[in-house]
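By letter and in written order, the chains are A, B and C; residue numbering begins at 1 in each of them.
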């Protein structure tokens, strides 16, 4: 019986690779959008404008206070009521972008806030504009504090792509779910899924650990 | 020309442009203009709709809707959903037509429009072979757990006919119930007999049996569209009449429902 | 959209949502306590020098951290029956949450312990305290201050993670939203209500975390 299922699993292996590819696509695009959006939000969050800080704070609280799966259902099934019609893949990307950017915003804001006022003053008195201050002085130094948790967040984002399976996106977890009903060998199917996720997460975890050690110096 | 007349002409022109510009997503003309028919099907529900070993969508529903798309001269786009996601998908405009083994209930019909039935089934109770349940009374007990599909008529019917039993709803598709049954999470399952019978070949032979007594009467299965898509609704009815008289309907049912030949290709 | 928002229906389903809320609450507490125990054991293994404890602990922690929780849940839910184990969904879900959070808690505790200054350890050794006494009187009390805030953070994560149990038919808060949507076809009312309840839990836990942070910093000043 085991051998029979194993051979069927081998036969269906390309399907798993397709799922892994879809997961990678979602992860890659999301990492970029979340980082860009997260940095912008984080800069404003640590800035001077109190209204903006408050609005971003509310947004971050909502994202951090609700489960990702609930956010996905809201984006997929409720946004159409407001005229925004999205298919599964774009909806997944949007959900990831919203969720990831909130977490990265806090990481970036934390990093920027950790830079002493003296640095800001020195940069300002050197005649640099606000944008130049950020770009040339503050952010490069903040990166030491930002980078390790940022890479850690990337690992979390890759794992969170598994949740988008609930709106039907055929990524790796969904492939496993759809397969296990036709090849009812749960251990084999999801061990395979786990191994494939491990192969893309673990290198990033090692990178995160390495960065943590390096930045602690 | 007086100012009043000018304004009314402009208004009239604007309104004609405005109204011809409006097209509701999912109407026949919209679909033809778009060049694509978007179909919502259930995921992983062989032989109705599933992804086959080549990674392509296949199944009875796919073949019917592919025929529709071909007749319209458009491409087909298949979107999968869990059972309880099908109606929200149609309502939110993600799909033009819902193609599944769905029973037209009065409650559902408040929100969506059903076409004429393409098939009839009956709701059955199924258990593990040798489990010893023979009659409905055996199952209708507080210590019995019955698995149903979230959002299905089986869920409603089970609550109606087996009020004493514990009802557990599964998200996904009918196979989830069979899976749960074999894993021992539930003692019995309730679903359409056709759905259960066509799913049996995927599981170890002789592991499931259906109780003789069916619940309720004959239940029709129909495709559905949005309320606004009146023309599409009528077109689908005409489509099924056409394929019944030209033999395509019988070919589809014979291939997918009545045998397991399709397993070789899919 | 808000004009169409049907509060009457929400009131009608309120008992269901409260049942789900209670269920989420219970599942979270049980899982958290079990995860704490798991984390302590795993951490003990992780920092031990005995290689038959250390390497399995490392393997467990790294596997959990590299794979998504949903995959772990499905692995147990679909996999355990093939081993002949018939475990009800709730227990399977709690097991998954326990194993998952346990690994993260192990790392949190490990970070807490290693944050205690080396000098403290040396002072303990030279005072003649044995391993357990050093742990009890020197390391753990100080590690606590560093550990409790991230632990509460992990508690918040756990509550949100419990929402995934809805996908294996566990009756908790998110499942209530799915049920209401499938019966009434009103995803807005259903999921905004669900989100609202989760936000309530979040703000309570966050207040607890902030309060504990203040209290513990105060303690460290001694």
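Simple rule for what comes next: a residue touches a chain if its C-beta (ideal position, glycine included) is under 8 Å from a C-beta of that chain, and two chains touch if they have at least 3 such contacts.
On a predicted model such as this, the values are computed, not experimentally measured, just so you know.
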item: Centre-most chain, if every chain is reduced to its averaged C-alpha atoms; value: A
item: Between the pairs B-C and A-B, the one where more C-beta pairs touch; value: A-B
item: Computed distance of Cα centres, chain C from chain A, in Å; value: 20
item: Between chain B and chain C, centroid-to-centroid distance (C-alpha), Å; value: 38
item: Euclidean distance of C-alpha centroids - chain A vs chain B, Å; value: 35
item: Sequence positions of chain C contacting 2 or more other chains; value: 78, 81, 166-167, 178, 181, 187
item: Set of chain B residues in contact with two or more other chains; value: 88, 179, 182
item: Of all residues in chain A, the ones touching two or more other chains; value: 77, 81, 166, 177, 180, 184
item: Interfacial residue positions of chain A with respect to chain B in the complex; value: 11-12, 14-15, 18, 77, 80-81, 85, 87-88, 166-168, 170, 177-178, 180-182, 184
item: Parts of chain C lying in touch with chain A, wherever the complex brings them together; value: 1, 62-63, 65-72, 74-75, 77-83, 156, 160-164, 166-167, 174, 177-178, 181, 187-188, 191-192, 194-195, 198-199, 201-203, 206
item: Chain C contact footprint on chain B (complex, rising order); value: 84, 87-88, 91, 108, 111, 150-151, 168-171, 179-180, 182-185
item: Interfacial residue positions of chain B with respect to chain A in the complex; value: 25, 43-44, 46, 50-51, 53, 55, 79-82, 85, 88, 92-94, 172-173, 175-176, 179, 182, 202-203
item: Of chain C, residues touching chain B in the complex; value: 78, 81, 86, 88-89, 166-167, 169, 178-179, 181-183, 185, 187
